[in-house]
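As written, the chains take the letters A, B, C and D, and residue 1 is the first residue of each chain.
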Amino acid sequence: MTITSLTGVIPPVCTPLTPDREVDVPSLLRLVDHLVAGGVHGLFVLGSTSEAAYLTDEQRRLVVESVAGHVSGQLPVLAGAIDMTTARVLGHVAAVTAAGADAVVVTAPFYARTHPAEIARHYRVVAGASPVPVVAYDIPVAVHTKLPADVILELAADGVLAALKDSSGDLAAFRRVVTGARAHQGITGFSVLTGSELIVDAALAVGADGTVPGLGNVDPHGYARLDRLCRAGEWAEARTEQERLCALFGMVTVGDPARMGPGSSAIGAFKAALHLRGVIDCPATAEPQVPLSQDEVERVGKYLAAAGLL
Amino acid sequence: MTITSLTGVIPPVCTPLTPDREVDVPSLLRLVDHLVAGGVHGLFVLGSTSEAAYLTDEQRRLVVESVAGHVSGQLPVLAGAIDMTTARVLGHVAAVTAAGADAVVVTAPFYARTHPAEIARHYRVVAGASPVPVVAYDIPVAVHTKLPADVILELAADGVLAALKDSSGDLAAFRRVVTGARAHQGITGFSVLTGSELIVDAALAVGADGTVPGLGNVDPHGYARLDRLCRAGEWAEARTEQERLCALFGMVTVGDPARMGPGSSAIGAFKAALHLRGVIDCPATAEPQVPLSQDEVERVGKYLAAAGLL
Amino acid sequence: MTITSLTGVIPPVCTPLTPDREVDVPSLLRLVDHLVAGGVHGLFVLGSTSEAAYLTDEQRRLVVESVAGHVSGQLPVLAGAIDMTTARVLGHVAAVTAAGADAVVVTAPFYARTHPAEIARHYRVVAGASPVPVVAYDIPVAVHTKLPADVILELAADGVLAALKDSSGDLAAFRRVVTGARAHQGITGFSVLTGSELIVDAALAVGADGTVPGLGNVDPHGYARLDRLCRAGEWAEARTEQERLCALFGMVTVGDPARMGPGSSAIGAFKAALHLRGVIDCPATAEPQVPLSQDEVERVGKYLAAAGLL
Amino acid sequence: MTITSLTGVIPPVCTPLTPDREVDVPSLLRLVDHLVAGGVHGLFVLGSTSEAAYLTDEQRRLVVESVAGHVSGQLPVLAGAIDMTTARVLGHVAAVTAAGADAVVVTAPFYARTHPAEIARHYRVVAGASPVPVVAYDIPVAVHTKLPADVILELAADGVLAALKDSSGDLAAFRRVVTGARAHQGITGFSVLTGSELIVDAALAVGADGTVPGLGNVDPHGYARLDRLCRAGEWAEARTEQERLCALFGMVTVGDPARMGPGSSAIGAFKAALHLRGVIDCPATAEPQVPLSQDEVERVGKYLAAAGLL
């Protein structure tokens, strides 16, 4: 894979589990086939939507091996190397690249209190030891810092970073990276990807190279269509498609907030939808997430039906 | 070890590193001897001050094996099992107990967005699988949630938790756990430990069972003396000793905030002090922390001198 | 004014001050003329960019009277009624409407810790007593809560709110209000305005009715042009114009962060730019904001020159 | 009043309201008599517990005039001058001192994004214009910044501040101000007061001069007794009394969090308790706070009964 591959729709692939919380490889491969059939352009395994934070090292390795082996180079496989600090991330980088990942996706340090200088140092050390391109993953809701645009651009100019995956929800900051990268003579082939599945049309309009939509697990055809419409400049049709997907995204709120957090609800809904659509065998999520109730699952079904997916 | 052992001074043991960032076992064992000679009552390895977030699984195992083997039951060894979620924590629990830990110390889930119900579920699953007692580690600055007092008390009453290590800095909430545990008929043998090294006298006065002071690496004698004075009800002398230690703690601010975060400065200062005192061979901290400058190290020396430690 | 007037460019009008920090009415009226000549569609006085939080009640009244009297109905004048809680806001509503405001702009309660039920109650009481339409002002950076989309839509459906001015920077949440208002049969004539001056093209593309750009003080012609291009569906040209304005916006960072906060820097830069462009007599900002240095003002001038405004 | 008066128990006085939300002066004066009879050493009107954020300027003035006139110099009356920024605060300073306040209590700027340099500037300007001593009010939960200890000490050394009222809950930071003020040759007569009503014994043990307990409205005798015990060095008895007060404080949680915020619950409970104890005529709180239900009020009564106050 070259870094220029990082365009189009690259969904963060859910990790189907068995009822006893082991990786369900057959379901995982059916999910991959479902995504490829949907027209996606790459796969991002071991992201936040993949429950990477919940998987053991063995499970993570199994996911990458299974997916990379299955697609065998047809489309790029990015793999998260999600951990607290540099040495631990380097362990994951070694593991996932040995297992076949074409690029690694790395957040700012977390748990540790961090500083822009330490974030930059982190990426420099990781990239120095990585055999594949490094994608910065900006996800403040998880790591509690925002990657500063100037740090991203400096690292891009120095060849440390091949891409940014922005899940911050801050389109103005995202645009600063897009225009900064375009204006900077020293930056070439840097991809800027949005993880904000509800404003893909807007992100592509401001210059994003691609999108990493969690909801793309449930409706990959929809995100592929949205991507095509935006690239064709069919903005009105794109907006209609995006709004259909926004309505579908409402499923993430089915979980009762008195009983579970927003993550349990969102991941639970995506997996319930994949189960209802017949893609995966079991909607289980990893511990300590709280499972959806039967009523909540039925509400997921209504979202699917309203979007024409059941 | 029984849970009733968790009283007195239980410092979070720094992890000395070599210049190439491997665990320096001889220095680590000298540090342990220094702490034991200082009169501490237990050891907490793989805590935040130990740079657990920065150590690989192999390094973590080596730390526990080395320390547990060295002290061989003379005093209890608690080990952090610091990771994002349940399954990953369980891996660390298995590893550190195999390596000799007498208890495990576990935070709320992090990276994942969490909910009190998920926190409780996390501790229940971890305790269900742990061969040793589980200590809850409340450290909002790292995990970005505060352990609710009612969750702690419910888990203590159900025998899930053996102790709380509170690094939240919130003495009123700490007191609620102390008095709640005392008032609850179903809670026996539950230890409440403070990680707030600047208000140990106050925490013991409100009923804490013990203290986990990062600065105890630098001056274990001081914290042992403080503990004795408080237990003897010598509050005025205790306050004088505590204030001496507070002044010494000023070393954590030597690092230039324009160049590094507060963690790099604090851990860097503790290690510089241990190096200056001749306890460890090298003051290196793990990546991506920024090292102290020579000037900053000299300022650490002045703090030591002012406290009568050089 | 009817609520359907709330479309197009409605800049938050800066409040020029004399060197002794009194409202400089002649400069204020020249600024209004500059904005009207630039093609704006309405004026928002006493917003955050207007330093409403810094002005006394007398100064606030003078601003509204001066501006409303000057424009005398040519275009709508919205006025902030920025205060902590309901009774205090009602005092400002009475004052600014007596002074000629056509609508009032009201944030969630602040200082007080608040709850969605209390936010809704706040708007219901304010609207019940206001002689003019009420615009909700969503500005989490100032009030530290985000207005929930479902609360906004409920209040819009009940006729409590005439519009939303969204300065949260969260385009996905903004879109939820836009599409929710459109889909709701009970909501008519509700305007959704964005305060995110760096993504006006994107906000209009997702369905915003108008924009409230602080930078519009400096370059009203640019924002009027951008608005026209977007309404004409000239998205490529709109993007070019927006990117020019984004570059100009860089002026808000001229202030040294070691010496002042981001507000001092941003408001200081806007006023310095208006002074350099000859619109206002004095660039002073209100206490306790820190003034820009001469060097920093010169950097503002370079931003103006680069954007073709000097 | 001289600044040396600021010791002992200085409760933030609740503001009784009539059913139509006007200040109920007879109830207010009965409350003052209740506090004086309870043995308090000063009164703090227009603080957070006084609902200052909810009162109009006229209501604020009425409160100060009524209370200052009633006590006529028997004990010092501190008054909050709670507003967003400097010029607005100065207006309140003029009003409350004209109405008889002996000192003013001022927070960091809020709503505006602020910086330590701006906070210092704010206090310098306010103190320069205030005819009475200025007390810094550290209340991060309301203003969303913490007053840095070094800023406080610098301002104390320069004679800008007469005292600190710390409602941050951070006893370690509080201690830094206490010991810093004691160690600094240039600081004399500076009072350090805690607003943390659950750890008064601890705060006095570390060197606080006094306490500002919201719960002191409900049980002034308890806080006066606690203050005496601490000053006498009767720490065990003090702890028992403090724990009784902590249990009583549980009343602040009676309000259903699904229906109201923590402020509505806490202020509502204090006023319900004062009503049940026969001190005030009506337990109403200001808009937009949500009133307690009848059931919730009954639970307040149970807390009173358990503490021996009914």
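Here, a residue touches a chain if its C-beta (ideal position, glycine included) is under 8 Å from a C-beta of that chain, and two chains touch if they have at least 3 such contacts.
All values derive from a computational prediction rather than experimental measurement.
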| request: Starting from the Cα centroid of chain B, hunt down the chain whose centroid lies farthest away. | output: C
| query | Using mean CA coordinates as chain centres, what's the chain B-chain C distance in Å? | reply | 49
| CA centre of chain A versus CA centre of chain B: separation in Å? | 35
| request: Going through chain A residue by residue, note those that touch at least 2 other chains and give them in order. | output: none
| task | Please list, in label order, each pair of chains that touches. | result | A-B, A-C, B-D, C-D
| request: Can you check the complex and tell me which residues of chain B touch chain A? | output: 21, 48, 53-57, 59, 82, 84-88, 91, 109-115, 117-119, 121-122, 125, 141-144, 259-264, 286-290
| Parts of chain B lying in touch with chain D, wherever the complex brings them together | 169-172, 175-176, 179, 196, 198-199, 201-202, 205-207, 233, 235, 239, 243, 246-247
